[in-house]
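One chain, subunit A, appears in both complexes that follow, with subunit B as partner in the first and subunit C in the second.
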Partner chain A sequence: MADALLRTDPVSGRAFAGDGVKISLAPPMARYSLRARQPEVLERLLGLKLSRQIGATLNGAACLGPDEWLLRAPAGTSLTTAAGLPVAITEVSERSVCLIVEGVRAAEVLAAVCPLDLDRYALGRATRTVFETVEIVLLRTGEERFEVEVWRSFAPWLNTSLQTAAGQLR
Partner chain B sequence: MLLIHCPYCDEQRAEIEFAYAGEAHIARPPDPSALSDEDWSRYLFIRSNPRGRHHERWRHIHGCGRFFNAVRDTVTDTFEATYKAGEPRR
Partner chain C sequence: MSGFRLDRGGRVDRTRPIGFSFDGATYRGFAGDTLASALLANGVMLFGRSFKYHRPRGLLGAGSEEPNALISVSRGPGRHTPNQRATAIEIYEGLTATSQNRWPSLKTDLGAINDRLGMFLPAGFYNKTFMWPRSFWDKLYEPLIRRAAGLGEAPSEEDPDHYGATYAHCDLLIVGAGPAGIDAALEASGTAKRVILIDEQDEPGGGALDDPALWSWLSESLKDLAAAPNVTMLSRTTAFGYYHDNFIGAVERLTDHSAEIGSGPREKLWRIRAAEVILAQGAIERPLVFAGNDVPGVMLASAARTYLHRYAVAVGRSVAVMAAQDSGWRDAFAHARAGVNIAAIVEVRETVTPALLDEAQALGIAVQLGHSVIEVHGRHAVKDVTTARNDGTAVNRLTCDALLMAGGWTPSVHLWSHSKGTLAWDEALGAYVPDRANENVRCVGACSGTWNFGSGMVIDRLPTPRNQAKIKAFVDFQNDVTAKDIDLAVREGFKSIEHIKRYTTTGMATDQGKTSNLNGLQIASKALGRHATEVGLTTFRPPYTPQTFGALAGHAQGALFQPIRKTPIDGWAEENGAVFELVAQWRRARYFPQAGEDMHAAVNRECRAVRSAVGIFDASTLGKIEVVGPDAAEFLNRMYTNPWKALEPGRCRYGLLLREDGFITDDGVSARLARDRFHLTTTTGGAARVLNMMEDYLQTEWPELDVWLTSTTEQWAVIALQGPLARQVLEPLVEGIDLSPEAFPHMAIREGTICGVPTRLFRVSFTGELGFEINVPAAYGRALWERLMDVGAAFGITPYGTEAMHVLRAEKGFVIVGQDTDGTVTPDDAGLDWAVGKKKSDFVGKRSLSRPDIVAEGRKQLVGLLTDDPAVVLEEGAQIVADPDQPIPMTMIGHVTSAYWSEALGRSIALALVAGGRQRMGEVLYVPMPGTVISTKVSGTVFYDPEGARLNG
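On to the complex of A and B.
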């Protein structure tokens, strides 16, 4: 309870509803950055399979690079530490916030500034990319639903930028 | 928009996601202290700067984060090939 009272988010919790698109802040969640040259060690430690294909998501962990995964789990999830093993498990829950962009025009609004080809961006894909000049991790979690992970301090700017795109594109 | 093929992501991605990182295949001398100042400065500062085919390093910094090598034509800006770091010169 104390946590909930102290929490301040960089973006208003009130969703923005535009023409065919809704932009809202996702509830807090646990995020872990997982690094390992030998994914098997990490898999054995965590007890879950990790995708080897960059851009794919498996068991909530998005493969961002050949040795890097971003694990997103319900708030409060805590992982084991990896003392003595050749892996790095770092909690980064509060490093970023997640903006959910959904609706029939979701892809169109994101494509305003994001250079990815969103028509060929399959369900379940996740990748690091840029939105104008801000680095984001873009996840497609539904046909008309994208989740944008962005560093906290960039979130107000990104939120405004998305709302502007949503309001000006017709 | 210039598209660059990332050999790790195995995908064409926009140039804005990448960072240029200088000429490729420049090996650090195995024994630096044995080099004269002139040779050392040549290793540090002198680059081939060709007109045409150029081997260079790029980093997919806003993507998988990896360094890789590319062959680019410096006149037409065409990427002839990209390949993973550590692979032989093309």
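On to the complex of A and C.
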């Protein structure tokens, strides 16, 4: 067997450092889309408590909708396929990449292109929203730290957009 | 006094002189001057030529309402901005400004002949005259009219500037930093509210800037606001539009005022969501309507006061005032106290309050009560004016070099109207004022109509002994509309202001009638003998003032114009010389030319490789949807035309998706991974649409189904290996999957690993050859591609692009939805009836397939076309006729949907939609082209390997 295949990421692994903001690519992680009418079924199956509140994150799973959670877990985490139960567990680890926007001016950079009110965006919040025309999931993982989940092919555009906004800070 | 600049006063910084040029001549002004105030200070009265008659024009106003003084500013290639108001251009060292709409010069403009021909250019002239012959419009009339009538020239080079944008949220947005806006901000400054206060001028203060008595209050207030942490103050920022749910668009100008452009953005778009909005936009003074009211030197009284107090500039050495309003008297008094000679106050009212008369007397100002100006003498500047009693007697000349008009006040209800707030008529103001709010918004100060300007008389036009039909008394200065134009419109039968406006173009210039709407309405009202409210009300629309396209585009230029989606393998394609094409938002490799090859040669080589050895193709852009849940098969069975419930796990099926109307909307091969899990594929362009459509049905029609849809398009990189040697390339790399034809038949899926990475391996073919589509997690797509290229080198592996893919599939008669179908094609039309489950009780679109017109004879059907000359490749989109000798217009019976050179067949092939096509097998049809007619024979759609033997390698 030849050497193992190497990963290729859509944006550079080198961080962008701006005035009061740093933009970097998060390391690979496992991602699963979890769907169920009754969250209890998923909870029993996964042994994991899920938030019922849309926008809240619990145990790494962000509640994005009434029957939808995005679970982010360490790379390599593998979940059951739950055959037969009224749930859907779909692996989407490589569907998106995560850009970390952090620093005292992180919110200001994001506000350039993201229509959410980030002053009122509590720690732990996660929301599927748009960044200009591109769909993202925005997570606030620190007072001055946001994570932007974006589909792989949109990542270069989003990265350029964030860097442009960061470069225009006054 | 030197020139027209007063020796003291004003808010300009006399320690900072600034040099600039206008029409090639150089001038000096001070920091804080606008182009208008600086030129006035230098005695310049003439600023432009009017739109239609090319009449000399000066300044009417001092703010963003200015209709006359439109100026172009050039700051190097691509930085030419026409149609800026001189009153809103801040001067900076080296500013280069030019006047517009004149030739050869502002003083000597040949276009002014239009002014003499005025009687031949009535309202509606263009509509009446240039309609016939119709064919002259595009080539002759419109270009001529556009050149003669006009605004500045649009820049021809690419804009080198870039533009910023942001969203902002606040609890209180205040538009306008005049006294009322500042008071509102001060009131909120001690609270927890997030406050944004925006103002269009370089300096906040609004009307307070014109009143030295308020200056200490102003500076204290601004200091307090600057110290308030919850208040954000934005100057040079125009709120241009008010949209639903308190969403306000504003543009902040960042560099247009400074000598150094710098590297930052030129302008910044603010998209503000406010819990509450306070509009403090102020009011704009109205001109009076009389003959000669547009001669340079005739201006609004309030504007003259702004020049006097804010810029320390006198608009003349001997100034007359034509008033219908107390505020005009006060402006005259302000001038007199500042040492400017007031020639007289001419007042149309017969009486005014004694206090005004007393003050005029104390200041030694002559007063003519019950008089009006009936003529203004001078062409490029006021020489003197003729006044008369309102009954036409007592005609006399009054020497002056400027005339101020005080015609009353119009509250600025622009943004209020954008927000769909209702308006009420205020009889005393003769204007509309805000009534009921539609959003969480209120108006304060002058724009609410509650400001005390003193009393006045609302008058449509000044009395004159002259024939009103013979004089030019301007209503809309920017569009050159006179009172008699509106009279004419009324005589010709127009009754609504919306129609009068469009016929005369009054209020339709770039200033949206800020100074003209109400006068126009009053004149129409009088001419019609109906109350103003019955004549109507024109609609204000964004933008409040013209904005640059750059500001509205914001970041969306260059690389950020729109995302170009690239596959994980795109980088390899780029490094290996691929020529790309855009498919939906994706960039796809079209072909991979080698040295010296054109597209034709490259595509032929790629096709030969697939048919004789093995080709490798990046199919990552295929839409993918994972359908999971106990009801997954039931759901697909309802969506697709063919049966899905009996499909065994491990097998694939071609799915055809119709809309409710029975027409094909998408297709793709999908695999059943488990009882409750399917891996769907869609067309590249259809991915989002299909997911939306399926979600729509799931959520609204069948919410009881336990099934969920997840887009996995980007989870997987997809590499198609196609060709007789595909299995040999693949075999050594795959673990856990038996690739033998018995264990892994055509239209099957297996899961295992490839080079150590998990894979969903499809055995499918879009080429007719033995083929596999290898799905791997996207991050490994490129590495796997490179490994396959290494391993496949010994087998002659050849990358091919979308062009070869198209040829290969066409040789097999496989349709491409969106190319061979166009949204009006049923499964039967496309020859895909076999994919419709005849025994199924229902599926999306089923009912429509039995509509009479869908089952009627003679529908267009997909057939093959083989040209008589095998070397001729038809053009896609070309029309097809049965009789080439028919006179034009011929009866067109169909069109070519796909046409290629087939390397495998050594001839051209084509697919076409032809009326009754399948009944025409072997028939000769014709494709008329410029200079020639191509004859062609109708054939089946499968040109190559009709038995399908090659699928097995």
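The criterion applied here is as follows: the second predicted complex is superposed on the first by the 165 of 170 C-alpha atoms of A that agree within 3 Å, B and C clash if a C-alpha of one lies under 4 Å from a C-alpha of the other, contacts with A are read in each partner's own complex, and residues count from 1 in each chain.
Throughout what follows, contacts are C-beta pairs under 8 Å (C-beta built on N, C-alpha and C of every residue); 3 or more make two chains touch, one makes a residue touch a chain.
None of these values were measured; they are calculated from a predicted model.
Asks: Applying the document's definition of touch, where does A:Gly65 land relative to subunit B and subunit C: first, second, both, or neither?
Replies: Once the two structures are laid over each other on A, A:Gly65 reaches subunit B alone.
Asks: Using the superposition on chain A described above, determine whether A:Pro115 touches subunit B (first), subunit C (second), both, or neither.
Replies: It touches subunit B and subunit C both.
Asks: Identify the partner contact of A:Thr129: answer first if only subunit B is touched, second if only subunit C is, both if each is, neither if none is.
Replies: Touch status of A:Thr129: first partner only.
Asks: Look at A:Ser161 in the shared chain and tell me whether it touches subunit B only, subunit C only, both, or neither; answer first, second, both or neither.
Replies: In the superposition, A:Ser161 contacts subunit C only.
Asks: After superposing on the shared chain, does subunit C or subunit B touch more subunit A residues?
Replies: C
Asks: Which partner chains sit in contact with A:Gly55 here, subunit B, subunit C, both or neither? Use first/second/both/neither.
Replies: first
Asks: Which parts of subunit A are touched by subunit B and by subunit C alike?
Replies: Looking at subunit A, the two contact sets intersect at 115-116.
Asks: Write out the stretch or stretches of subunit A touching subunit B in their complex.
Replies: 54-55, 64-66, 68, 115-116, 127-130, 135
Asks: Note which residues of subunit A are touching subunit C in the complex, please.
Replies: 1-2, 4-10, 28, 33, 35, 37, 67, 81, 83-96, 108, 111-117, 119-120, 132-134, 151-154, 156-158, 160-161, 164-165, 168, 170
Asks: Give the list of subunit C residues in touch with subunit A in this complex.
Replies: 164-169, 194, 264-265, 268, 271, 273, 555-556, 559-560, 562-568, 571, 586, 626, 628-630, 674-677, 706-708, 710-716, 755-757, 777-784, 787
Asks: Quick one: in the complex, what on subunit B touches subunit A?
Replies: On the subunit B side, the touching residues are 1, 8-11, 13-14, 16-17, 62-66.
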